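The next part holds the structures, each set out as structure tokens.
Below, chain A partners chain B and then partners chain C, in two separate complexes.
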Partner chain A sequence: MALLQISEPGQSTAPHQHKLAAGIDLGTTNSLVASVRSGMAETIADKQGRDLLPSVVQFLAKDENGYQTIVGYEAQQNAVNDPTNTIVSAKRYMGRGLDDIKEHSVYDFVQDEDSMVPRIRTAAGDVSAVEVSAEILTALKQRASDYLGGDLTGVVITVPAYFDDAQRQATKDAAKLAGLNVLRLINEPTAAAVAYGLDSGNEGIHVIYDLGGGTFDISILKLTRGVFEVLSTAGDSSLGGDDLDQAVVNWIMSEAGITDPSATLQRQLHDKARAAKESLSEQERVQLAIDLGDANNWSSELTLEQFEKLIQPIIRKTIVPCRRALRDAGIDADEIEDVVMVGGSTRVPMVRRMVGEFFETEPLVDIDPDKVVAIGAARQADLLVGNKSDDEMLLLDVTPLSLGLETMGGLVEKVIHRNTTIPVARAQDFTTFKDGQTAMAIHVLQGERELVSDCRSLARFELRGIPPMVAGAARIRVTFQIDADGLLSVSAREETSGVESSIQVKPSYGLSDTEIETMLTDSFSHAKDDIEARKLREEQVEADRVAQAIQAALNEDGDKLLSAEEQQVIRQSIGELIEIAKTDNPRAIKQKIEDVDKVTAEFAQRRMDASINKALAGHSVDDITEGSK
Partner chain B sequence: MAITLTDAAAKHVVQFIENRGKGEALRLGVKTNGCSGMAYVLEFADKVEDEDIVFEDKGVKVIVDPKSLVYIDGTELDYGREGLNEGFKFNNPNVKDSCGCGESFNV
Partner chain C sequence: MTTHKTASKITVPDNYFSLLGLPLSFNIDKKTLNHNYHELQKTVHPDKFASASDRERMLSVQKAAQINDALETLKNPQRRSAYLLSLFSIELGENDTSVDSAFLMEQMELREELSQVEDSNDPLGKLDDILAHVKSRIKAAVIALDTLFQAILADDITAQEQQKRLAQAKSETLKMQFLNRLQEEAMNKEEDLANQL
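And then the complex of A and B:
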């Protein structure tokens, strides 16, 4: 007979209607799936009792039945002998363009003319990172269904806090391909906080230090009466345990005099390096033996001391984002309640030591750092699928970078500032720049800098059909909305006519590597330049607007209202303004605009008188008083 | 008659209740739906209603409402594993027939 689980009071489901939910930690190196059963969140092991599923997919040659894949441990082993068809760390390529990938990859990437998505050439054909991830998700889905005894109603998948829209969308695409219903994407550190926060219930400031295989994230969370608020996030999307392995690989290569390793040897070096790193979490020294081929062997000993010397610069790199996250959150180190360690790399004793020293507190390691994210995701999934009676947890996430749009002069107007909690909707009113303007281009940007050229372009669309009006009269409301998954939609609406246009930001998969990190640091180092640049552009835009308006007025009324000499004075003054606007001195431009204002004051006065006369001409006093009744 | 638990079931119930951190009893019952007449209810219990009947076996408090008890009196709650899946089973002497999946039954 069927096997039953204990439900929350009043939440028993009808037969065959069990709401099965799972949390998936789709990691760079390893992935896990967890589920809540009878109120207990546990990771789900495979038939051999292994919780981790290495995020490795081997593609086998195509035959008449299509292609086959091997996922997990077996694929990891085969990677040594079949490195180009066996894809590891595919998560690093999710939502990325070809330019960002090539330099640090052993794979043969190709890109079709009509597709933005780079693909890896394998024996099974060309596959994208999304397809590779879908294979991993399919394996986890199968494991969860076997364990729970039915099809999954929905899943929560975790992503690094630093994943941008393109990367989140790629993750959703992979889930769709695997036939999974994604209830929500949540940030990995937030999931870790869920796993810990509920179990221990300590109120206060919590730091989540997540050093995984391929990504580093630091998050500062505040827990108040069971509610998590993310105060700030920072990190490095290309830093992790892989780099520790690489440090060891580099050491072996220099010690053994290896200069140009084959793909097979590279895999072997990586596997040996990783094994050595793991051993050194428990031992003082480890023996290394490398098979160089042709009966050529190299062996040596790596001590903990040497190892720590190799990895220290890498671990130190994690401290910089820690400092920034603290500053963004406005928190001092002594206000921190505890530090939660997440990710297999936090097993390295030196990581625990340095993090403990920086935050002046002993890091928490109660829950297996490999499983903690999946467990938190499982709890969220259980909640979202409706197995809990009431909203026990309200999860707030933040947007990692500011979002805004382009205004005249190539400036960025930020609509949603970075570290705003999501989901969120913000609206801002804009107007037209020219008389009779009937369309407006909306250019959506992401980044901290003031100029469009320094931010990342996410999308462009146009609002058409604005009724012709004088410049500045139209009221265009632009609304930015970020849903719970961190995906952005932007809409624009002209308020008087009601014309509307909108876009779902599903950005092109063409992002430069570590761009977010660079964008952030740049915004700090260029803060002063940016303000100057913004001032200059603003004055230039204003000068341009003034010159155009006066030019239009001259064309219309110049001959009627002004003598030739007067016209000459104004023309000359505009000419000077246009010249000065080309310089890079905002103060001089501003001064000149004021001068032009003075020179044209009389002209403006006469125009106004003339138009009043025109309006009154041919009417008797009675008409006018009549009309005003 | 009474409701009893196997050792495996008792061990898991104690573990699950401890993990949940609140509530101290297990509620067993039946609901009148399902493909074959009635379906089992298996829930954590936060409070005992006046009319509830309370059993205790192997350190586990089990509560049943009187209407349900008619259909499940004498049941032994077991815990078992089928492949990767594991969970609770009702060994109910009152059952005449059940649907293929065993989630609902008739008396």
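And then the complex of A and C:
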């Protein structure tokens, strides 16, 4: 007979050590990495003691060692002299098509016929925003591993709450290229709420106003007994501090009579504009001097009053989503406990003033707006990796944009409405309109408008293998699922025959699996990696994870939910998996993991049912009503 | 044939009410609903299965989605009513207009008023009036539905009586559908006006 394993309260039964996990804030202007050590979440600094890593990557020409990149402060300094090979604000291009990149850009964008993703022409070849982001993630991964003294088991990466499916998928692709195991993508304002809410233990309704370098989010959350419930979120995924800088750049250009600036001059103008903006957070006026080349200089003064006139229309644009979020949450401004400011751009005094006026409350600015998102992500990573198994904390987030389908006449029919709590699954029934029709095309869109042309195309699906029937007889149920990362997946089934239709997904924007494979093989970050070795290692890690998870489940519930024979079958299967994982055949390991999955399917189902029964058992409905009065 | 046919009883063990630990009723206790919802999500949410097997992770996403759907359905009176009706095999069509003509007339007048809001001296004030009116009508529908469902779900109701009340409940639910749509349009307009200021 197996001995019962009894653990200390607060400790997991699985005999594992503290796992290394980190939270990453992948920002437009700056990125950070944080981790929980001895119960405290802290940002990790580089060797020079700097927490921020400027989200800037310089691509150098190829030499005998292959491609080289420079990431961070050094790349930022080099940007002025090498503007076309030094990529800043790549986050703005994540999950975007060539048509979206309307803004005046110093980069030379190109797009292949067989790819949906635009690339920037650099000295090191054509690179996509995903690869640029992967370089930043790789640098942060290295920083965290060095500091924590080992490989990371998993990371939580934050994304703007208002990111759409393509932008989220692009972020996950970047993590894959960087060799990171993503435990979860979480929304930046939600991460900030975690960092903030856990410190203060405040119950009630909180607003997070997050104005970063290139994105704006507003989230309204309700905090009850450790549950962070997002009531609504709204925003603009291309509005941020960059736009404030651009307003100043435009002003300088018009004042100095600059009409067609070179890439170098543009870079200089942006740097000067940003410096001026930062100074005007503390001063009333700032001196500007621009080197126009040919011993030609321009200088002038910018006052706070002039600056605020320039940026007011931009800040006003953030109030529109605030109004919508309040309405969607179904609450009035006077129910709000507080407004928390996140993101470097909230240092601008006018931002604080206008937000305070709108919500009729003095915004909270006592936490470092740069670090708070990474710290929240680190706490969530620590929880998800299993270091704090008894924790009561739970994040319930929403999908920021409605999901719909194209119907007759170029209209969009909504299937999942914005601000629906995720995960969510919705089914929609379709039928054929021709006799003997065996295929069907479905166009998935994201957005709030009624016309297909006003929404963002996510993907086109083709259903095949519908059994031939008379028109209108087939009933094809298509299920749309948005998972806890906010990512969409689709499945389809013909209901009258039970035939699973195959789905071919063509993302409207994004890298194909083949493209990612190719990038992994010859990407800048992994030029020296042996891809086969990496695959083997990944499967071994996965096998280990599966074996541990099932072993823990058996220890916990095996005797309660399974017969001795059933337990024996599962134990044997795990034993075989552990043996196969010692070999060097990644495909065999993968196959065995799938076998184990099948063998344990029934057990998993029973465990889920048992835990649901247990969740509400022990207290009758009357008890709860009594208790909450 | 007896005149006292037994009325339909809802016996489905896994409906959204039982899933969230609530008695089958139109009138629900919101505190209990939220409390039970949180307890269930603390058990099944994918975050609790981040390092579990793939099978358990998949199950957790499905179950969490189902519980989210149950909450959405039960917390909104219109959806809650439509769901209760569906348990009696009564489905509401998207364009079902089987409500009395007096109600339809009133709706048309309200719509007319709404479309002319911009021409008024005080558009936001006018919108407030319309919204207040619509809200009071929604409230009245909620009270009517509560009474109807108490009778429908009572143990001693006859089949004939139950059918009659179900038809009335369907009509009230359709009215609420109209009213909610009107309310949403009025709120859209309010948002547009506020953003223009």
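FYI, the second predicted complex is superposed on the first by the 414 of 629 C-alpha atoms of A that agree within 3 Å, B and C clash if a C-alpha of one lies under 4 Å from a C-alpha of the other, contacts with A are read in each partner's own complex, and residues count from 1 in each chain.
Here, a residue touches a chain if its C-beta (ideal position, glycine included) is under 8 Å from a C-beta of that chain, and two chains touch if they have at least 3 such contacts.
The model shown is predicted, which means the values in this text are computed figures rather than measured ones.
Of the two partner chains, neither chain B nor chain C is touched by A:V106. Using the contact criterion defined above for the overlaid structures, shared-chain residue A:G386 touches chain C, although it does not reach chain B. After superposition on the shared chain, chain A has more residues touched by C, the comparison being chain B against chain C.
Of the two partner chains placed by the overlay, neither chain B nor chain C lies in contact with A:A427.
With both structures placed on the common chain, the touch criterion links A:A473 to neither chain B nor chain C.
By the touch criterion defined above, A:R607 lies against chain C but remains apart from chain B after alignment on the C-alpha atoms of chain A. Of the two partner chains, neither chain B nor chain C is touched by A:A441. On chain A, the positions that touch chain C within their shared complex are 154, 183-184, 224-225, 227, 320, 323-324, 327, 380, 383-386, 392, 394-396, 420-426, 481, 483-484, 545-546, 548-550, 553, 593, 596-597, 600-601, 604-605, 607-608, 611-612, 614-616, 621, 624-625, 628. Those residues of chain C lying in contact with chain A across their complex are 21-23, 29, 31-32, 34-36, 38-47, 50-56, 59-66, 68-69, 71-72, 187, 191, 194-195. Per the touch definition, chain A reaches chain B in the complex via residues 1-12, 14-16, 37-40, 44, 47, 143, 146-149. Those residues of chain B that touch chain A in the complex are listed here as 12-13, 15-16, 19-20, 23, 26-27, 31, 33-35, 39-46, 80-90, 98-99, 101-104.
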